[in-house]
Structures are given as structure tokens and as C-alpha cells.
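You will see subunit A twice below: alongside subunit B first, and alongside subunit C after that.
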Partner chain A sequence: MSELFPRKQVMGFVFSLVLTAAALTVYFLDLSFMAAMTVLLATAFVQAGVQLVGFMHVGESEDRTMIYMNIFYGVAIALFTIFGTLLILVWDM
Partner chain B sequence: MMKIDNSLPLEYANEQNKMNIFGFWIFIGAEVMLFATLFATYFTLEHRVGNGPAGAEIFELTPVLIETLVLLTSSFTIGLAMNAMRLGKKNAMLTFFSITLLLGLVFLGVEIYEFTHYASIGAGLQVSAFTGILLTTLGTHGAHVTVGLFWGLFIIMQVKKHGLTPKTANKSFIFSLYWHFLDIVWIFIFSFIYLKGMM
Partner chain C sequence: MDYFDRFAIPHPSPAIYASMVAIGLTMIAIVIGLTYFKKWGYLWSEWLTTVDHKRIGIMYLIAALLMLFRGGVDALMMRAQTAVPDNKLLDAQHYNEVFTTHGVVMIIFMAMPFIYALMNFVVPLQIGARDVAFPRLNALSFWLFFMGAMLFNISFVIGGSPDAGWTSYFPLAGNDFSQSVGTNYYMLSIQIAGIGTLISGINFITTIFRMRAPGMKLMKMPMFTWTTLITNAIVVFAFPVLTIALLLGTMDRLFGAHIFSMTNGGMDMLWANLFWVWGHPEVYILILPAFGIYSEVISTFSRRNLYGYKSMVASIVIISFFSFLVWMHHFYTMGQGPLSNSIFSITTMAIAIPTGIKIFNWLLTMRKGKIKFTVPMLYSVGFIPIFTIGGVTGVMLGMASADYQYHNTMFLVAHFHYTIIPGVVFAMLAGLTYWWPKMFGFMLSERIGKWAFWFIAIGTNVAFFPMFFTGLDGQARRMYTYSEATGFGPLNMLSFVGAIGLAIGFALIVYNIYYSVRYASRDIGSDPWDARTLEWATQTPVQSYNFARTPQVDSIEALWDLKRNGKPVFQGEIEKIHMPNSSGMPFIMSCIFFAWGFSLIFSMWIPAIITTIAIFACMAHRSFEKDDGHYISVEEIKATEKDWEVLNDENR
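Here is the complex of A and B:
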């Protein structure tokens, strides 16, 4: 039975619940905008990392370098798009 | 029949399988871009509420929290399904797989409730730039979950019929990547649309 619930995945699940609870603090505590965004950015990206490494088995196969490069490229373009848009259209710089 | 490498998990057993998994990672990269453009548009338009409501007026914590916990748990159970698959335990794998899809169905039910609720309080798709991009972003994620439910159902049927073979194991593993990815997208929706909007 216990082999059906490997420790790594159970810990990953518990950790993801803890991260969700941590993110919720921005709702219940009266944080400044910058502090709240810092908390959310940290919890969201760590959460994504837990999913990728803990659950999606990144790094287990021999083509892991290509998979890492693909993820890195996708995330980099996503961040350029989002922060580039914010920079020009929202922050008005 | 392709060469089978028994030293590797079934889903990686032949060259075609490896290519399928890598190809799916490239697809996920494209999906990251799709959601990135939606988030960029959301951040641009979120305060353009016109005569309609703002996020803080319509978001409710309880349904959002249910959606989040349900999707997180389903991401865990599809991971357990993959673990059971690697152990060769077909029945345990199918049980975890079915639980995953049931949780996905609960998620979708809550989201449909949420959408009808928004429509009933005057926050429909055409009310403002904000409601338009909000429902487009949530709806794109919800459409992915809906597709996943049907896709997963067909995979369960194939595993039941053919057992755990390199082919069905490969399809199952690729589905698990898709499902985890949808959970990651939801984490960002939860953090930067709902929590940011309710602060």
C-alpha cells in the first residue's frame, strides 16, 4: 500500500498546500502592494517548481537538457511578454 | 514493432515514446505563451471596468479556494496514477486516474457555477474590458480542463481494453504532463487574478 503513496509525492502535495496557505496571507493580512506581490510571486513560482520537478518528472530522462531549455525558453518569452506589456501599457515608462 | 528498452519505464520504452513526450513538452512551451498573452492582456485591462463591477466586488474566496484545493489534489492523484503505472499496478493506476477526472469534474462544476453567478450579478462577457478579459482567461483554462476530461476518459478506456503497454503508458504519461500543467496555470490565475484582485 505504501508504495502507492511515495514519500516524494506526498511531501510535494503537502508542500503545495503549505504554499497555497502562504499565498492566502495576502488576503487575510493587510500587506503593502509590493510585499503582497513579492509573496505571490515567490509562492507561485516555487509551486510551479514543485509541480515540474516533483510531479512532471523533469530531469529523469536523458533528454532533460532539451526539456529544461524548452521550459526556460517558454518561461523567458512569457516573462518578456508580460513585463514588457506592463512596462509600456501599465507602468507607463 | 519497435525496439523495447526494458531498463526504462514503459512510457519511455521506445524511440517513438521519447519523441512523443519531448514533442509534448514543446507543445506545453507554446501553451505557456498562450496563457502569457492572456495574462499580459488581463493586467492591461483589469482596471478598465467601465460601468461594470471591479474584481474586488465580484470575486468570492470560497468557490475559488474549492477550485484551488480540488485542482491541487487532482494534480497529486494523477502523479500517484503515474507512480502506480510504473509499478505495473493497472487497477490502482485506473483508480487514481478516475479520481483525478472526478476532481476535474468538480472543478468544472464550481467554475460553471462561478460563471453563471457572474452573469447574474451583471458581470457578463460584454460588460467591460475587465469582464471580457477575465472570462476569456478563466474560460481558456476551463476549456483546457474540459478537453482534458474527455481526453482522460478515452485513455482510461484504452488502458482498460489494452492494458499497460508502451503505447497506453505513453499516452497516460503525456496526459499527466498536461494535467500538471493546467494546475500550474491555475496557481497563477489563483495568485494574480483572484488574490491580487481581492487584496
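Here is the complex of A and C:
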């Protein structure tokens, strides 16, 4: 029976609900901009990690190095784009 | 009647009314023709509902060629207008609409479907697969692209064409400065086609990762497959940015949001930024498949394996990464400080290095080879010097301080035509001629093809080289005319002559197709070029299931090893083959998308809501539909393979 019970998935689900609730507190509590953004960014990234590992099975298949490389590539491009844009439109305008 | 006023064109001319009549007559002729020859059923069951990657590829090809001519006519009109000073052929507004349409049609609706035509037809064959990973989605991709293209193409007879350039910079493209529905067409038709492209991107990455023949490791993939993989990776990273930019632009135009406006907290520069975050990777989406085609063609016709395979792979991976780091070089002059200009100058110039590596690899592949100058090879060899001029001028433009002189002059126009014409058009024509026998079972005439090549190669240089000079002398791009005193007249006339040369070249290609359909030999075997990769190891025309037995591969050039060293590729018993079913849903759903786009363009909310619901209904239908595909029986396969010489040959 215990093999049949999808423990990991249920845990992942509960954890992602907790993260969502944590992010939601930003709306109800009267936080400073910095604090609010920190909470949102942190919960967002952890949430993405939970989804990838818990539900999209990263690291369970043979081609996991390929998948990790793709994720790394995507994150790198996203960061370059965001910080490049900030540089162009805000910091260096 | 007020309701229908919105469909009137704001700026009519006799030419546009003539086009309306012509379009109407053509449509009636098509309907009558199909009915008279009783071809509706054939059209529906063999083409509109097909999920076969080869047929989808051919449909992409036809659409791309049509769009090439549409864009080409626009180009001729522009060159005719600027051929002499103070010309009155087109007025300023028409000229704006024509250059905008030309840019969008050529990049989004000609170059993109052309590369997807070849990818669709060739890649599954080259990796020994039976179809792409998601055949139904593949059909959806095609039809979304097609409907997007059609939507864009009717703009000039219904409501007016976009006129803010293919870059559609805000605030010019906003409601204040572009009041006609033209820019709505831009936003929505590119959106619809772009969704199709994004789906294709995912489809091809999955196909190449998961469906390669046994033994084909990543580093044993043919070069065209490699470039397809990397290109689609760029698509998946770049196109979402375009999707969002277009969505935000649509919000501004249809619902009065102020995202890109200059007032109420909007930020007009954000559009330029987002556009080029997509736009620069897009130019590499166009060029990388071309690099793949040249690699295949050059190694086939030099009769040598590709020089420096590993460095080729490394350089395309590096190019794909760098292509995301340079976007700002398109707007050096728009007000940033020297810090960001310097950073992006450096990244821009760095990208020329991996490109240079590839050029040397091709040259070294040809070295000591037994070169055969067939038409595909002519385009590949012609590409090298012409593209190098484009690359060198690109590095010139890449220096931010110098770009203040070149930006938005004809020098820039010359640069990008010197890269895109050899980089995309030559490559597509090379690929088309090279894979044509596999697609249609006969070869295009080499003699007419060579004439076309020379017209196109010389025409390109005559049309675009003079622009380097007029640009340096200060002729701005996108100006509908200039005065005699500027002295730009003679060189612009020369450009016009070059444009006519190009037009003759393309006309020759059409004539070549006609001529070869009528007279070319149908008895060409399955491997007329004596090529190296798996797509030539099937029957011509290719069986619906591609390969009766799954190929076993252990080198980059499986077919070559089979032919020269007798290494077996097809072994084992023939088994029944599982194939996907045809479906009308992709076509129907895309038609609904067309109606949806049209309704939004003209702010007709009720049809827009109905079609939105219908789109979701189609998706729900797909979720609940049961479709297990079908099997092709062993007897049927044996019957199909019977008259094919390979089956009898035990080695194969």
C-alpha cells in the first residue's frame, strides 16, 4: 500500500500551497516594498523548484544532465535579459 | 452602413481597387476550379487534414514561395519609386505601408515558413523517425502560421495596411500617431503566426531529443539537424518575448492602456527593448538553418566529410547564446549612456568570431575536395563572399560610436540585405533545389537554375552595394523620395536595375519549376546527388511511414558508410507500423483564430467573444477526444516496398 501512495506528490502539493499562502500574506500585511519583493521573489523561485522536482520529474530520467543544462541556459538568458534591460532603461538612461 | 465604414481603406488608390478585383476574381476562380475538377474531397482529405510532416513541409513551402512574390512586388514598387528623384509613383503614406508590409512579409511570412518547410520535410527523415513528436500540433502550427499570414495580407484591401515599419516602434505605432487599423493587423496577425512558431519550436526540440534512430548520439547528428535543434531552442526562448510585447501593444491599441505611450506612466522605449530582445535572436533563427543547409550541401558536393564537426557544433551553440546578449545594438542612438553602449558593442563584435569559424570550416571542407558546381553548390559558394561583406559591415555597425553615423541610413539597409539574402534566400534556394527531387521525384533543370543563380547573385550586389555609398552620404532609410540636389539619383537608379535583375532571377525559378514539371526525367532513383545522410535512404517519393525498418546508425554520414563501406543500416524483420490519424481540427481551429483576429482588429466585440469561446471549445474537444492512431500492416508495407530495389539488397 505504501508504495502506491504518492507521498512525494502529496508533500509537494502541500508545500506549494504553503508557498502560495506565504506569497499571499504580502497582500494582507503592510510590508515595505523591499520586504514584499523579497518575499515574492523567494517564494516564486522555491515554487518553481518544487514544481520542477515534484511534478515535472527533473532528475529522474537518464538525460538529467541535459535537462539541468537546459534549465541553466534558460535561467542565464533570463537573468541577462532582465539585468540588461534594467541597465539600458533605468540605470544608464 | 456605418458599421461597415470601418472596413473602408483610409487611403485608397486605383492600384488598390484593381487588387481588390484581382483578389476577388482569383478566389472565385479557385472555387470554380476545385468544384469543376471535383477536387474538394482530395484537398480536404489529403492536405487540409494531413498530419504528415512531409505534406506539411510542402504546404509551408508553397506558402513561403507565395509570400516571397508578395514581398518581392513590394520591393520592386519601393525601388521603382526611389529610382529617380522627386518621383510621384507612390505617395508618402503608400510608401510607408509598402515598406512595412515588405519587412513583415519577408521576415515573418516568407523566411520563417521557408525554414520550417525544410525542417519539416527533412529533419524526421534525417534522424530516421516516422514523423515529428506531435504530428497534430505540427498541423496546428502550420495552419496558425497560414491564417496569420492571410490575415496580414488582406490588410491592404480591408481597413488599411500597417505603416509604422516592421519594427513598429511606439509611440509612432500608438493610437495617437497611427489611427487606421493597420497596426492592429500587425499586432494580431503576427501574434497568431507566432503562436504557431512557438509550438513548432517545442515540437522540433522534442522530436530531435526523443525520436532519433538507435545509435544516433547527439554528436552523430547531421549538421542540418543540429542547426534545427539550436534554432528551435532560440525560438522557444525568444518568441515568448514577442508574444508578450505584441499582447501589451494590443492592449495599448485596442483598450487604451498606456504601456508604451509617452504619457500616463507609459514607457515607449520598452517596446523597442522588447522587440529587439526577440528581434536579434530572430535574425539568428533565420541564419542558423541556413548554416546547416550549407554544411550538408558543401560536404555532399565536395565529396568530403564536413571539416571540424565539433567546432561547428560548438560555434552554433555559442552563437545561440550570444544572440541573446546583443539586442541593444539596434538602438544605440536612443539615449542610453556610454556604459551600456560599450558593453553591447563588445558583445556584438564577439558574435562575429563563431560565425567566422564556420566560414573557415566550409572553406576547409572544400579544400582538396572534388567539387561539383551544381546549383545548390553555386548558392553555397556564392554565399561565402557576399555574406562576408554583410558580416564585416555588421561589425562596423556594431561599434556604437560609429553607428551614430550609419544608423537608419541606407548603409544599414545594405548591411542587412547583405546578410539576409545570402544567409536566408540563397540557403533556401540551395535547400529547395537540393531536396526537391526527394520532395517531388524529379530534379529541377540545372541549366535554368544556373541562369537564375547568376541573375540573383549579380542582382543582389547591383541592388544593394550602391546603398553603402548613398547611406554614407546621408540618404536615410524609409524616405519615400529625395531631391535632385542630393545627388542620390544615379546610384538609386542602379539599385533599381539590380532589383530588376533579382526579379528576373526569381521569374526564372518559376519557369524552371514549370519546365521541370513538364520535361524532367522521373527516373532518378532515390539518391540522385550521391548524398550522405539518411533522408536519401528512403524511396522517392517518400513512403508515408518514411522507413519500413528503423535505421541503425553509428556515424554522422550513415548513408555514405552504407554505400562506401557496406555498413548495414536497415536490419531485422518488417513489423507493423503505428501512424497518427489525420484530423480536421487544426485547420478548423486556425480558421476560428482567423475570425478572432479579424474581429479584434476591427474592435467587433461580440464576434471576438464568440470566437474566443470557440477556441477554448476546440481545446476542450481535443482533451476529451480519443485518438489512438492506426497501424499499417506488414503486408501493406511489403507491397509498398516491393518495387524498391533496396529491399532486395541483403546488405541494406
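The rule is short, and it goes like this: the second predicted complex is superposed on the first by the 84 of 93 C-alpha atoms of A that agree within 3 Å, B and C clash if a C-alpha of one lies under 4 Å from a C-alpha of the other, contacts with A are read in each partner's own complex, and residues count from 1 in each chain.
Here is the rule we use: a residue touches a chain if its C-beta (ideal position, glycine included) is under 8 Å from a C-beta of that chain, and two chains touch if they have at least 3 such contacts.
Because the structure is a prediction, the values reported are computed rather than measured.
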Could you say whether A:93 touches subunit B, subunit C, both of them, or neither, answering first, second, both or neither?
second
Between subunit B and subunit C, more extensive residue contact with subunit A:
B
Of the two partner chains, subunit B (first) and subunit C (second), which one does A:35 touch, if any: first, second, both, or neither?
neither
Answer with first, second, both or neither: which of subunit B and subunit C does A:56 touch in the superposed model?
first
Scan A:18 for contacts with subunit B and subunit C and give back first, second, both or neither.
neither
For A:26, decide between first (touching subunit B), second (touching subunit C), both and neither.
first
Subunit A residues contacted in one complex by subunit B, in the other by subunit C:
63, 66, 73-74, 77, 81, 84-85, 89
Help me check something: in the complex, which residues belonging to subunit A touch subunit B?
3-6, 9, 12-13, 16-17, 20, 23-24, 26-27, 31, 33, 36-37, 40, 43-44, 47-48, 51-52, 54-57, 61, 63, 66-67, 70-71, 73-75, 77-79, 81-82, 84-86, 89-90
Per the touch rule above, subunit C residues touching subunit A in the complex are 209, 233, 237, 241, 267, 269-270, 273, 277, 321, 324-325, 327-328, 335-337, 339-340, 343
Quick one: in the complex, what on subunit A touches subunit C?
63, 66, 73-74, 76-77, 80-81, 84-85, 87-89, 92-93
Partner subunit A, residues of subunit B touching it in the complex:
12, 18, 21-22, 25-26, 28-30, 32-33, 35-37, 39-41, 43-44, 61, 65, 68-69, 72-73, 75-76, 78-80, 82-84, 87, 89, 92, 176-177, 180-181, 183-184, 187-188, 190-192, 195-196, 198-199
